Amino acid sequence: MRISVVAPRAKVKPVTERRTYSYLGPAGTFTEAALDQVAEARGQTWRPVHNVGEALADVLEGRSDAAMIAIENSIEGGVSTTQDALATLPGLRIIGEYLVRVNFVLVAPRGTTLDQVEVIAAHPVAYAQCHGWLGEHLPSHSHVPASSNVASAIGVLDGTLAAQAAIAAPGIVSHYDVDVLAEGIGDNAQAVTRFVLVTRTTRSPEPTGADKTSLIVELPHDHPGSLLEMLEQFSTRGINLSLIESRPIGDELGRYRFVIDADGHIEHERMADALLGIRRFSPRVVFLGSYPRADRQIVQYPDRYSDDVFVEARDWLRGILSGEPEV
Amino acid sequence: MRISVVAPRAKVKPVTERRTYSYLGPAGTFTEAALDQVAEARGQTWRPVHNVGEALADVLEGRSDAAMIAIENSIEGGVSTTQDALATLPGLRIIGEYLVRVNFVLVAPRGTTLDQVEVIAAHPVAYAQCHGWLGEHLPSHSHVPASSNVASAIGVLDGTLAAQAAIAAPGIVSHYDVDVLAEGIGDNAQAVTRFVLVTRTTRSPEPTGADKTSLIVELPHDHPGSLLEMLEQFSTRGINLSLIESRPIGDELGRYRFVIDADGHIEHERMADALLGIRRFSPRVVFLGSYPRADRQIVQYPDRYSDDVFVEARDWLRGILSGEPEV
Amino acid sequence: MRISVVAPRAKVKPVTERRTYSYLGPAGTFTEAALDQVAEARGQTWRPVHNVGEALADVLEGRSDAAMIAIENSIEGGVSTTQDALATLPGLRIIGEYLVRVNFVLVAPRGTTLDQVEVIAAHPVAYAQCHGWLGEHLPSHSHVPASSNVASAIGVLDGTLAAQAAIAAPGIVSHYDVDVLAEGIGDNAQAVTRFVLVTRTTRSPEPTGADKTSLIVELPHDHPGSLLEMLEQFSTRGINLSLIESRPIGDELGRYRFVIDADGHIEHERMADALLGIRRFSPRVVFLGSYPRADRQIVQYPDRYSDDVFVEARDWLRGILSGEPEV
Amino acid sequence: MRISVVAPRAKVKPVTERRTYSYLGPAGTFTEAALDQVAEARGQTWRPVHNVGEALADVLEGRSDAAMIAIENSIEGGVSTTQDALATLPGLRIIGEYLVRVNFVLVAPRGTTLDQVEVIAAHPVAYAQCHGWLGEHLPSHSHVPASSNVASAIGVLDGTLAAQAAIAAPGIVSHYDVDVLAEGIGDNAQAVTRFVLVTRTTRSPEPTGADKTSLIVELPHDHPGSLLEMLEQFSTRGINLSLIESRPIGDELGRYRFVIDADGHIEHERMADALLGIRRFSPRVVFLGSYPRADRQIVQYPDRYSDDVFVEARDWLRGILSGEPEV
């Protein structure tokens, strides 16, 4: 698919202009830690918001140039709010990916000791991930849900949550005056959350060789085997999938859309061809973006799927159609 | 796969003995509405518990004969806690499936009017499903999370949650003295939650022709295309899948197990053969059960996948192996 | 694959010029009966040749404008000489297909009676197809091979073959002075031979909706499952195959090329896309031509593989690559 | 597929009894060279016959204990007479495979010189394989067809064929008094013909690890994609195919049966399971036999397809069906 492209590459804005980044705040969240990895966001305006919907609305309505949002957690799986928002809101594009190691601390107002803790404030997901530690060290505690990993601590500090301690992200200590009662209380030390940086629709950043393409695909419901057929669009072009998650479309039981991360960039022939195949058979495809992988690992693929092979085949076909003798 | 089976069929217990059923309580939840559909549970002991883990522990440790648990929601997708518990706890078997239409009411202490409501208590999932109605009728409200669709109302009634109204299941009015400020406030009137009745490992209930088989399958991670290969085990035996959901295994990003509902019963030859195929290639398969579908819809399949065809093929192979002339 | 094509469509030559057609002669063969079906060949020069190689050489070296050659027989299968010639000789294109019902007569010099027949002259293929009749009516005969279905009769007439009767094509009676001892002696009354009309490389005739595309494909030998992969190139674009035959490449046992007839025309998007897929993975593809089917049966295919769907998908991809907002 | 088998293994007959072997004669053919490789045939009765049909009839009707027949040629492909005979005659089994290097000599009556040769007698297949040499050394020769590679020489010697020289198999010189005008005149020095030893239906010889299984499979004609489906039965069990040839069934154009050689033995679980799959979907399967490969090359396959894996899966399924707790 050779096309003449003149639009500028994805970048948030010329460096000379001031830029705004929305993120799930307040200061101290894992999302802030992800935004902290974005070199060109340093020194710019960081705009804390309350949820993913607000962050994406900021981008779509022009209040922000980009939004950092969590999309997948190695323990809990896909962040369904994010996946559903990206599936239904047109006009967005992912331009980067960032990984944050997820761990938790137990914090409390200055002077609190562990044996004083009876009730713990925590976001439900964080609470679930600390189940082992809590069972061992605070077996008789009870739980008050909080709306974020920072709101838990704030609620304990200002008394709006009836708890003596809070589960929070480690970054909390930079922003709030708390005692850390315990560190590393997450059950899985390898837990990682994947964040993506989202802008309005734009050209994808240039291929780096270590790229990822994200899409959301609805399956046609009138013929069985359509999931198999979708997967074959990738496998027959030598493309590996690093993520495939189903999400209910929501209109009835048994209807799904699939969230997919595929190795490679849409400007690679094999990926462009796979997307054409997907588009032809799916009633709805959302292209979320091609962007550099957080781990910068070069994508390997068999030679037979290289760009040259695709170009050569097109030349061959053109010759046949024109009726000119083969050479 | 002809085997001599002497164990009795799955049933919770001889009808002459008293039985105990665990469910997510308290009275008034959607889970209670599901249990209400189980004819043989009427007049038996119903044991309310706080979460899925507790319900399954009751069964495994003998405190209950069966547990009713939510497994999938038409809006939110698979209930990940349930899926993960079934994936990791050995010794359980699903013996029945029940559907409950999910809708919500807004309730408050007697005498409250809608214009007095500033803060709403709600379980986060319920809150998300009423987003549309709330935006229209109470645009400036704020949200306090509660741990269940009943706990929200209790917290408002007893003052432990700082809210004027609660989102609850319609059944709440049979158990608590509340005013209903609004009914049918869920965004999707078709929303349904699927529940399953779980016992200790037992023989599956007899095939009815309208059956479903549930499993959880881990994919081998050493060869690509393994999802395709798993799906082919079903498609090459004419078996349709009504559910396929991925769940992270949790040890690292990119490793999944798949929760699958397949049309048919393990005592059908085609399903038994598909399970053999799955078992041979998967590092871990959990058979959750074969049981009648809630919708009682007879499973259709091509004649070529009928039991007779499997039996005939085995006879043919046996003849070849023995070296006897074909007839 | 939209390309600007200016070359004229395949036709043998402007009707005002005299044309020459090579065919397996002499007069009276089934090949002559096939050529007789070509309207625009009437009144032109018909050039009888001795074998397929000679016919194709006539075309390649300019002695003829086209050649009619047998490519498949419903009893005997592909004509391997033809298939191998088309696989290895560059510069040819099939532009039409013709079917001839194959039946045989037993002929002899004037005055011969059946009970005088002890030895029968016949081309080996014809001989094999009359096995049943001969076993019944002339059980003690013996066989002398002849090089064609006409040469058998000529040899009997001029005495160069030591036989009293010959198996020949029914057309023999128009050209030679023989008695017909028996008619319809072929074992299968439905037997049909497929012929193709071959020219030098040219643009294919215009699509008619009832078209066929012929190719010869070598499989890569370095990866197993490549036959499966080739077949998928067609099946995933809704293309049915009416012929698939393997032929040894000839360099070692176990290496094959496949002769394929696919329903549809190379100027259909789905066929062009399938050919691109084949070309990318095969070490060698020979496009033999797209041409109207002899039976004029319109090719049916699902709407999802129509040209419009392919064009729309390319437009969609172009939009994504350019970074313009979707509409 | 564990079955109790008591019939004795395939062997032609107890060594103490005299055995008869049919083969395409007369002495001096390539078939005789193949039979010469069979250790236990030495010193037994060798019965020359005129064609494959006669050889197989000898076996079926008890005149011979076994027949050696050509089944595939590396240049010409499958021997269609053999393939069609095996496809339609019940009661036969292949028990061994033998390879014979195919080369040709040009022979003539004593005293003949090459420059005296104007007409050459040759079986058409042999003639086709010497095309290159003849074009170079005897460009103006003509051809008289003979019915075998020995009959050509006999006809020249006894004058029944009007030719000065004959193309024959090298073994001719042991049996006839001829001058060899040229040796090694075949165009391809690597040409090989594959022969099989056929008996009445019997148990297959014991697996050796270097085995081959031959079958003939008809495809159902009521659903497209059935060739793909057949191939998947092998690929999903890790079985490689060394031969796949299509043959017209003969009733109408476009209907095929497939001749298949698969690596492995029917007493291997993966092969037995693949055959079950094939049998279930094919309207007609002919099992021709499992027997040691001529090249004695051990069949490699992934561990995941080993017998143990199949046995373990069956045990697992049995446990599930019985309802016993997993261990």
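Read from first to last, the chains carry the letters A, B, C and D; within each, the first residue is number 1.
Keep in mind that, in the parts below, a residue touches a chain if its C-beta (ideal position, glycine included) is under 8 Å from a C-beta of that chain, and two chains touch if they have at least 3 such contacts.
Model, not experiment: these values are computed from the prediction.
Peer 1: Find the geometric centre of each of chain A and chain B from their Cα atoms only, then give the gap between the two centres in Å, rounded to an integer.
Peer 2: The computed centroid separation for chain A versus chain B comes out at 28 Å.
Peer 1: Roughly how many whole angstrom separate the Cα centroids of chain A and chain C?
Peer 2: Centres of chain A and chain C (C-alpha means) sit 56 Å apart.
Peer 1: For chain A and chain D, let me know how many angstrom lie between their CA-based centres, rounded off.
Peer 2: Result: the chain centres lie 59 Å from each other.
Peer 1: Could you pull out the residues of chain A that touch at least 2 other chains?
Peer 2: Within chain A, residues 232 contact more than one other chain.
Peer 1: Viewed as a graph of touching chains, is the assembly arranged as a line, ring, star, complete set, or other?
Peer 2: Contact map by chain: ring.
Peer 1: Among the chains present, which pairs are found to touch?
Peer 2: A-B, A-C, B-D, C-D
Peer 1: Could you please specify the touching residues of chain A with respect to chain B in the complex?
Peer 2: It comes out as residues 72-77, 80-81, 99, 124, 128, 143, 145-147, 160, 162, 188, 190, 192, 194, 224-225, 227-228, 231-232, 235, 240-248, 250-254, 256.
Peer 1: So in the complex, the part of chain A that touches chain C is made up of which residues?
Peer 2: 1, 3, 5-7, 10, 90-91, 93, 200-204, 220, 229, 232-233, 236, 266-267, 272, 275-277, 279-281, 285, 287, 304-305, 309-310, 312-314, 316-318, 320-326
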